[in-house]
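Look for subunit A in each of the two complexes below; its partner is subunit B in the first and subunit C in the second.
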Partner chain A sequence: MNYGYFLGCVMPAKMPWAEKATFLVAKHLNLPFDYLKGTLCCIRPGVWKAINPDWWLLLTSQNLALAEKQGVSIVDSCNGCYISHYECLEEIKNNPQKLLMVNNYLEKIGLKIELKVDVKHFLEILYENLDKIKKNIVRPIKIKAIRHLGCHGRKHGEKLPNYFDEIIKSLGIEIIDTPYDRMCCGLLLYLSDPYTSVYRRAGLKLEYIEKSDADCLIFICSGCYDQFDRVVRIYKDEKGIEFKKPIIHLSELLALSFGYKPEDFGMMYYRPISPINLINKVIS
Partner chain B sequence: MKEEMKEEMKEEKIEEKVKAWEKLLESGIKFTIFNQNEESQLYPLRKLFRPSAPNIVKPALQRDFEIGLVYPIDKNIEEIREKCGLDRIPPTAHSIKESLYNKIKIIEEAGIKDELMYDKEKKKFYY
Partner chain C sequence: MALKSSILIHGTKATELVIIHDPDKCTGCMQCMIACAYKHYKTFDRRYALLYVYEDPDNPGRFINANCSHCIFPMCLSSCPREAIYKDDLGIVRISPALCIGCGTCNQSCPIGIPRIDEEKNVYVKCDFCDGDPMCVKMCSAQALMLLPRKEALEYLKGRKK
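This part shows the complex of A and B:
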């Protein structure tokens, strides 16, 4: 089945370089990969499930129904979107009454779920193609990095964390372990406890990276990026502290390792921390 | 002694403020039509209640109801997207409006809009 890439809210508006790099990588690997079209917010499980689980189920299922209609498997690289779609599908698969409830509403807008849809994380697709990735590396990425997978990537076991590490290592990157590797970025906490969210979660990790030998922070989850982006700006605007180590999406490093130039995916634009030092190190 | 502790706690609280969050909260309050605190002075016997949509999430909810996604694509982002080699507007509900209209229909049919007390015309929450 073809893959329908789910953009979500953050990627198209805040990290277009990652969106472009992801499509360059997918094309380079000859994956049957295109946009899932007409998508909406995933819808954020951390907020909506807390307000009303049936509303979350209902609104999330519109994306699942769109994928079924377009005949594609949903592919998410944001862990929040992945968990939302994955858990919604599991729930309506295992609970016929919920499926009926969802379809009652979807039929009013000309959609229906027949449970033919599948939900995959982008890391799963990359890992299935790991041999192909290794064969396509023309520029090994000789850097040291700290990685941030994000909580929802760990929710269903160690599969995704292992894939994330394996893929990073396959590019030639040396991973630096830290005491904060499993710590939440603080995205959802921001709504209720902004100080802890900013200064005791993402901020703590960014401060650690600054003092370490790492060249950058590698991430995959758009939700976590949203938080890191916000925290970098808050440190700068409210504390006068500027971080120097950039926050880099895994797809960007894959694209660079395949021989693409930073300008092929706009790596320099619209970033909270300039990646120029990293680019110079990788390209040289 | 107690007063000193209170003062210390106050100072700690001041340190703990995140201005960006307070701005977000303020904009959430601006998305509210009726202010319960003001109303309680006019109608002192009226009970205060906790609205389904907290002020801090109202800006994101409002965008979700109007765009279908949490973040809009403005002209500045359109230009950056183009520089990155992408279409100026992504093929999401940002450009495929049918999806947005369908979502709005579900939100209305399921009573979500009413429960969250959202006024479609004013694009604000009653409380």
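This part shows the complex of A and C:
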């Protein structure tokens, strides 16, 4: 089965380096990857499911129907997109009435779901290819790092957290455990309670990282990056605090370990914390 | 609907189930509170929620949750001076806004202080179990909030303490 990579909202807007690195890595590993075309927003479940579960189901199912039409499995690296697509598919699989409702609307725009589609997290694809990843490492990444998986990545218990850790360790990275590893980035809370969201969630993590031996924070979820990026800027504007440890997508580290140069995927550009020290350490 | 039944209902479909929280799984995203606030007040302001997530003061990065257990013998119900609190046919403990005088006795008698004042209506409000299908549980991605039969819930919590 080919994979249709669901880009989501944040990746093309705020993290083009991660998008480029993800596709470099996929190509390097010979994964049958392409963009999932013509999609909507994932219809963020945290908001829309609470407002009206049927609206959420209907809008999200459009992405599933598009994937089915294109003959691909959906791959998400953003945990929010993943959970929205995954839960939508589970609901229409287990509830024939909901499937009927969704298809009644979808047929008006020429789409239909026959439940042939699958939804996967990017970490699952990487983990399935872990041996291939290990064989392709030409530049072990000798750094210490703190990792942040994100809340929705814990949907299946410890499965995705373990995959995340194993992939990171396979690159030669030493993981530093912290009391805040499980803690939410605060994105979901930002509209409800900005102070707690900024200063008691992502801010606490970034402050901890700054004081630790870690060289960077490793993340996978675009939604979490959206929050970290915002919090770095808020700390600078409101408190005059500038964080020094960069926030790095797992795909960037994979690309570096496969021998790609930082300029191959624009690693230096358009980010709130410069990764120059990290790059010097990895390249040297 | 009878108010303050002399024979407490031990639970039918809804109260056989109870919401429990596992701090080892909670990420503190507060999506449960936000969903609850929207469900009951049509706002994403978490202060309107009817369950509560707190940072554990002794353990940084760890969270505690307080939610109504719809107790078999509810102390809020027995303490209410106006008999405004009752168990409905599903076993859900509810506060009648028409009878509540906003005295706060229910809050003080509840071991975890679940009922809170609705400052606009000046009456106490509490979890209504979303009429048997709690939104907070549905929204918890980390599955820290679980809906379990009361007996299983007790076993789960006992096991976690070990």
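List of remarks:
As a convention for this text, the second predicted complex is superposed on the first by the 284 of 284 C-alpha atoms of A that agree within 3 Å, B and C clash if a C-alpha of one lies under 4 Å from a C-alpha of the other, contacts with A are read in each partner's own complex, and residues count from 1 in each chain.
Here is the rule we use: contacts are C-beta pairs under 8 Å (C-beta built on N, C-alpha and C of every residue); 3 or more make two chains touch, one makes a residue touch a chain.
Note that this is a predicted model, so its numbers are computed, not measured.
In the superposition on chain A, A:K20 contacts subunit B only, with no contact to subunit C.
Residue contacts after overlaying the shared chain place A:L188 against subunit C, while subunit B stays out of touching range.
Once chain A of one complex is fitted onto chain A of the other, the partner contacts of A:Q62 are limited to subunit B, with no touch recorded for subunit C.
Contacts of A:I51 after superposition on the shared chain: both subunit B and subunit C are touched.
Residue by residue along subunit A, subunit B and subunit C are tallied for touches, and B comes out ahead. Of the two partner chains placed around the shared chain by superposition, subunit B is the only one that A:D237 touches, whereas subunit C remains out of contact.
With both structures placed on the common chain, the touch criterion links A:I283 to neither subunit B nor subunit C.
Comparing which residues of subunit A touch subunit B with which touch subunit C, the overlap comprises 47, 51, 191-192. Interface of subunit A with subunit B (complex): residues 7-10, 12-14, 16-17, 19-20, 35, 37-41, 43-44, 47, 51-52, 54-55, 58-59, 62, 66, 105-106, 108-111, 190-192, 194-195, 198, 230, 233-234, 237-238, 264-266, 269-270. By the touch criterion stated above, subunit B contacts subunit A in their complex at residues 16-21, 52-54, 56-57, 60, 64, 68-73, 77, 80-81, 83-86, 90-94, 96, 98-100, 102-103, 105-107, 109-110, 112, 115.
Within the complex, the subunit A residues that touch subunit C are 45-47, 49-51, 79, 83, 151-152, 154-155, 157, 178-184, 186, 188-189, 191-193, 196, 200-201, 204. Put simply, subunit C touches subunit A in their complex at residues 25-31, 33-35, 37-39, 44-47, 55, 59-62, 135, 138-139, 141-143.
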